[in-house]
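First chain written, first letter: the chains are A, B, C and D, and each begins at residue 1.
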Amino acid sequence: MEEQQISRMIYNGLITLQHRGQESAGIATLNGNDMHMERKMGLVSRCFSENSLSALKGNTGIGHVRYSTTGSSCVSNIQPFKVSHPMRGIAFAHNGNLVNYVDLKGVVSGKGRQIETTCDAELITHLLSDHLMSSNDIESSLVDVMSRVEGSYSAGMMTGEGDLVAFRDPNGFKPLCYGKNCDTCMFASESVAMDINGIDGVSDVNPGEMVILHKDGDMEKKQMVKPDRKHCMFEWVYFSRVDSVIGGRSVYNVRKKLGENLAKNFTSEADVVIPVPDTARPAAQGISDETGIPLAEGLIKNKYIYRTFIMPVQKTRDISVRMKLNPIKSVIKDKHVLLVDDSIVRGTTSRNIISMLKRAGARKVDFWVTCPPIISPCFYGIDISRHSELIAANHTIPEIKREIGVEKLCYQTIDGLVDAVGLKKSYICMACLTGEYPTPMAQKISDRMKTQKTLGKRYWEMES
Amino acid sequence: MEEQQISRMIYNGLITLQHRGQESAGIATLNGNDMHMERKMGLVSRCFSENSLSALKGNTGIGHVRYSTTGSSCVSNIQPFKVSHPMRGIAFAHNGNLVNYVDLKGVVSGKGRQIETTCDAELITHLLSDHLMSSNDIESSLVDVMSRVEGSYSAGMMTGEGDLVAFRDPNGFKPLCYGKNCDTCMFASESVAMDINGIDGVSDVNPGEMVILHKDGDMEKKQMVKPDRKHCMFEWVYFSRVDSVIGGRSVYNVRKKLGENLAKNFTSEADVVIPVPDTARPAAQGISDETGIPLAEGLIKNKYIYRTFIMPVQKTRDISVRMKLNPIKSVIKDKHVLLVDDSIVRGTTSRNIISMLKRAGARKVDFWVTCPPIISPCFYGIDISRHSELIAANHTIPEIKREIGVEKLCYQTIDGLVDAVGLKKSYICMACLTGEYPTPMAQKISDRMKTQKTLGKRYWEMES
Amino acid sequence: MEEQQISRMIYNGLITLQHRGQESAGIATLNGNDMHMERKMGLVSRCFSENSLSALKGNTGIGHVRYSTTGSSCVSNIQPFKVSHPMRGIAFAHNGNLVNYVDLKGVVSGKGRQIETTCDAELITHLLSDHLMSSNDIESSLVDVMSRVEGSYSAGMMTGEGDLVAFRDPNGFKPLCYGKNCDTCMFASESVAMDINGIDGVSDVNPGEMVILHKDGDMEKKQMVKPDRKHCMFEWVYFSRVDSVIGGRSVYNVRKKLGENLAKNFTSEADVVIPVPDTARPAAQGISDETGIPLAEGLIKNKYIYRTFIMPVQKTRDISVRMKLNPIKSVIKDKHVLLVDDSIVRGTTSRNIISMLKRAGARKVDFWVTCPPIISPCFYGIDISRHSELIAANHTIPEIKREIGVEKLCYQTIDGLVDAVGLKKSYICMACLTGEYPTPMAQKISDRMKTQKTLGKRYWEMES
Amino acid sequence: MEEQQISRMIYNGLITLQHRGQESAGIATLNGNDMHMERKMGLVSRCFSENSLSALKGNTGIGHVRYSTTGSSCVSNIQPFKVSHPMRGIAFAHNGNLVNYVDLKGVVSGKGRQIETTCDAELITHLLSDHLMSSNDIESSLVDVMSRVEGSYSAGMMTGEGDLVAFRDPNGFKPLCYGKNCDTCMFASESVAMDINGIDGVSDVNPGEMVILHKDGDMEKKQMVKPDRKHCMFEWVYFSRVDSVIGGRSVYNVRKKLGENLAKNFTSEADVVIPVPDTARPAAQGISDETGIPLAEGLIKNKYIYRTFIMPVQKTRDISVRMKLNPIKSVIKDKHVLLVDDSIVRGTTSRNIISMLKRAGARKVDFWVTCPPIISPCFYGIDISRHSELIAANHTIPEIKREIGVEKLCYQTIDGLVDAVGLKKSYICMACLTGEYPTPMAQKISDRMKTQKTLGKRYWEMES
């Protein structure tokens, strides 16, 4: 392969993973012993140009798109994060969220290190490089990190000496996979990043596993600590792209099955099934196939307004909800509509959509939700932040029905969800549905939050 | 209504009409006798900010998004176009394309006027303001313009004296409608711009008609010249938003009907119907309903890459084709696929998509196209520029099948199209399908182009 | 000459005239019948690049630097101002200030013209082009403008037909000169613009005169109205560059003579003469030559902070006074200093400088001022805006001495000033020194301002 | 003092030191344990805004303006340079140039550190922080650095623990001083930075000395290595501001004395003494005082074109020479002129100025130069880069006279220079005047350059 191409493959991959983070993007490459890096606020297509990609020389590199749950939105928080030693420099990026951030910050700070950002990635980089300075051994350093950190981290690290290291927390909350061609090996959160680059043969980096791609192209895999699989169910339900394969399961198939499972548990006399685009479309198809009720595209997304769930500020969220969807009246008018969506978080979006259908002439609206009720916050990287914001944490089903203005409301069951995902129940993290957390500090914080209601954005910082 | 709100309503409208032009955007408002204007290159959401919208004071205004077929991509070509007299200033914007641009340029230049842009809108503004300076009469000035200009123009004009004037060429190639609330009247290319602003009661500005909204809120309608309806069929087939109502016909319904009509004329033994998203989705639904072959979302659009048809440069077009779609292998593998798309222009996109399906494991691909073969260029504003670029202008169906690599290829019939649109055949412009143009110079240019093959981009400039 | 060079000559000229306006800059050129224009906020060197100058094609052009006394600081107010007809477009720029702006605005507005800026230049352009549209005669149009406008305007106008027209108000308040080479003719406010371009033979455009440079290179001069010379004395005292020749008088020589004349009228026992750099340096030299007291550079200007008098906002003015000068203690310590400056406006700057000298160890400070006391506002383009801001308008010499903290204070006499300038007394505008204005509305406004004390920035707008 | 003020004091200081580097500027501050940093390309006034200074919180900080002799002009090379450990982070900035850069780069690289910039400051920071990591002792780390580095470095370092450390190379090539108020201590290259901030009592950091300002405000001074004073004579002759006191000697006084010493050694029959502004003005005054020939400002600087010596690219240098000066003809015409300038480097500027005087009518030109002939390159930070560019290295006085077109040419003598500076001859670095270098590698490179004539910009990189 030609020298300058890796930055373009990374760029293509980031474009396909844009839905995982729209705040900022970065790419670091290694050319000989020189690291090149470009990091900017904004969408991938605006962060990089023909020129900046050409300047990112070399045939090894890592990239990142950021979606902030921890840390503020500013330039210094953009990943990859870089230190200039040891190993002739380390560039690091991850997807995830550290539960014991405050404790770890104390540890790093105590080692005489300046903490420059409010970003998880910096802490992991400091822990790693500190251990590497004394040990000069990647393996033991990763074991050390895995023993200290509680939380999710699907991570990639590149050293100035030419090694590329991917590793994943023992719970494997977030996805991490890799594929290999004759001459190229690629790691990514989702398989779509390989698809766009024409790379096949996708497998997972296992929870607690490390995969090193050495400078000479040799790949080395090693299980570092015992895995305790807890894959985030929300990746299939909402977060991942529908054309990805996550944990070996096609997201499209899981979503279609979620619809079919709803149709097995509930009935509707609706005239038409209408999905909230785009996430709920496969489930609506599944429902239509199962029930025989015809599917129609009754809600149209304004494609020039971006996905609402991902934006940090409340006010922006409200405006974009109002602007993102438009009903097709000819499809809705005088119809009994079966509306399908992936989830209800605060209930605001659902209420707005339902009221939109009613104004467009819907006679009656049934509402089927492909995810069970969300009742507890997530500390592993999904922006579901506190009980008081979760409508299902504080209301009964009849109350929610009234609140969002719907005639009939059917939630997926936990069993229906597990069946659709197709993995053992114990392999799936459903903490936000059950309030039972797979890691101790997360449980502790959640319990405390229930009693102390007035907490700031990064409430778990108070734990120290 | 509060003073400053009109700019926000125009902004919302432009967001919904973004698909009609992504090159640049502009808004002009009138506050007392002061005109305010903001015009920038780029998407609407990047052209305007909270601050710039606040600075656009007043409760009368016009806005525009530009999609260049005539004129280069530069700041000076952004509409609205403004002159400072007569009538205390005129701001003008239109959707369309002038066929006799070069002749008109000579006329305007001969009147001692500096032509500053390469944009149609400037010529119309000069013609209008020149006539207005001597006549001071809007009506006779519009009749004069309509008698001189050949081509499409759905236009809006605001005067510094407070009148808002909408008018449409006698053929009504491009859509133009309006709606009215208790206190607000809005004109727009498509009804979605009213939907987002909560304005109902949408009607069309008729071909050859003028509608004036006077300063005091009175509305005056007048047929200026005899209409000769020739609505562009491509608005329903591809260009307009699926949730718009164009010429009184729901775009969604027309597209669904296009699918049903295909299914009435052709048969397929496919296992699954897969639309090219997003345009072909309703047609695919229509086909699925009519044939019983299940529908599946087998091709997923990368939403962070914009629509390809609209970008000016060839090279950009190729890159974005490769990046815009991803197949879901689990849906496609070992299947006989019935692929549905809205049209084939050059054939390149179709060939790429079909080859993508084959690589994803499709056993066999039938390809149904909701629009009949495009064989002749458009001079009225759709970027279909010359015979040599149109695969159907130079190839037989078997040749096209071979070219794009498909087992079976079925085009919509002219009658199937007319039936789906639901208007009289003579009311629909199908020049690009038949080579018969409703206006004389267009016919002349097309005939000449067939013989003289090597023409530059704005070939019709050579007519003078 | 090569086609593209005129923009570079204009650029060079603007660089040398930067002191006349630092707010914005613009250049318009004519290439065939096409006008090119570039206008930006900021210093000339930042407004234009290699590329933008190359894009300004053609061998005819006009340029401008803006120093706002009338009109707000914004992009639309940058000159040249352009209209697209008659004469295939007109680009216009001037230096000056219209006293009867409000009256003229009413006239222009009454002709159905939209006033887009708050800039004098637009009004003159509208008056001119309106008259030109009916008369098509430049000469009678200029006579018409000169009869309507009260105020200062040294102006340049370029038509799309290729004529370049320079003209100057009948009083000739502001300078305007021209020079001619074998192949190039240039008009400019000051002769330095010719110097940098290697153009010799500089003469003045006379007050009330028009000079047309025709497309074919022929030059035509014509006295339009009877002149009533009233050259602004401040051009020699402070505003023009010391290396310019204004009205046939070397600014350097005038300033040196101002010093000599002070030395003829007053005595000092000082040890050292110290000028406030850079304006007062020649006068200080004149004083030193005449008195025998040695000159020293005791105050050093921080060259990276720009001239203070020219900045619009009060607050900025104060900060920059504090930062612009630094004393050399070794020169000042224990010395009796004779400080020389060009003028005292509000007194603040003088007080700060004197206090700086005292802190640096000056035993005693005499202060000689090369300009007589300023007691009345200027309406012709110098930013001396109201009586209440002028220390000499409200205080006796002893009061001013106390206010600025100086032992001895000597102002130039009116006769000393007239003698140094070297023109007939009646040829010099000294309204700010005498309160007697050469034009009627200026006198009327000044009289009214004395009684009505609370007036806004553009107080004369209230005259209508 | 209020928390946020230190960034403003640093900003003010940088403004006064702008002449020392116009390429880029940076400020780092410490607030508690958080370091804030802002670094940009361009002039100080454009690098920082009200907002960015407010964001630089804390009452400890360092700032820098960059003038590149080593390293390319890019963002990553802007100082301060920062590492995140040890000592909770270190920010470092210096003025100087490392002679053994290439050797040191090998050392640092061998320690497993990624070298990110092409900037001296990074190497020193790495050497320091590497030693500090093992020793945790600032003093021994500085001794180590001083023993390894050959070259000039007047340096400031701030640790995340709150210490501010200033130190200077044992030769003290570049100036470094400090001043102290009741509550503020400031280090800077020149005393003007204290003047603007109202800080008195300026002393020098001695060559080979370290001064620590501890977090609690205590100051500790320590001589680290034996000094071997070699102050760069060019600081007084040209580089420093005329209002600075360098090494205890007023720059103004030294320059005036340089003029007086010329007048003691040479005679002239000129009518007028004209300095090349601004540097030569005090010397011209000294000559005028000593000879009785009157002084006049015959050359006027265009203040909107920046100092020419400091710009990196040859081409820019030529354009700006042509644009920076304008003669006052009335002062020069028919006169025998005694021109005074500080130095002749390549001779181009001198030739241009003299030809300008002749064109302005000078009858005859004598040229007195306050600095002796420059015959050898500087490796300690002045941009005099190779023998072939130095006119005096390759030409006799008569040849130079002919080359620059002057009737009489008088250079300062070495003794005249030493006398004017007022320090022991052995304390002054005059390597560029004698070819004898105070440090071994500089001597070696210079010797080699004389024989190998074709060397690139950073020729000494070839030493390894």
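Here, a residue touches a chain if its C-beta (ideal position, glycine included) is under 8 Å from a C-beta of that chain, and two chains touch if they have at least 3 such contacts.
Predicted, not measured: the structure shown is a model, and the values here were computed from it.
> Starting at chain B, how many touching-chain steps does it take at least to reach chain D?
2
> Hey, how far is the Cα centre of chain C from the one of chain D, in Å?
About 37 Å, centre to centre.
> Centre to centre, by mean C-alpha position, how many angstrom separate chain A and chain D?
Chain centroid spacing, chain A to chain D, equals 53 Å.
> With chain centres defined as C-alpha means, what is the inter-centre distance between chain A and chain C in Å?
Taking the mean C-alpha position of each chain, the two centres sit 63 Å apart.
> Out of chain D, which residues touch more than one other chain, so two or more?
Within chain D, no residue touches at least two other chains.
> Okay, what are all the chain pairs that touch?
Here the touching pairs of chains are A-B, A-D, B-C, C-D.
> Write out the stretch or stretches of chain B touching chain A in their complex.
12, 15-16, 18-19, 43-45, 192, 195-196, 241-243, 245, 250, 252-253, 278, 281-282, 285, 289, 294-297, 300, 302-305, 323, 326-331
> Under the touch definition given earlier, write down the residues of chain C that touch chain B in their complex.
Contacts found on chain C: 33, 35, 83-89, 109, 111-116, 126, 133, 160.
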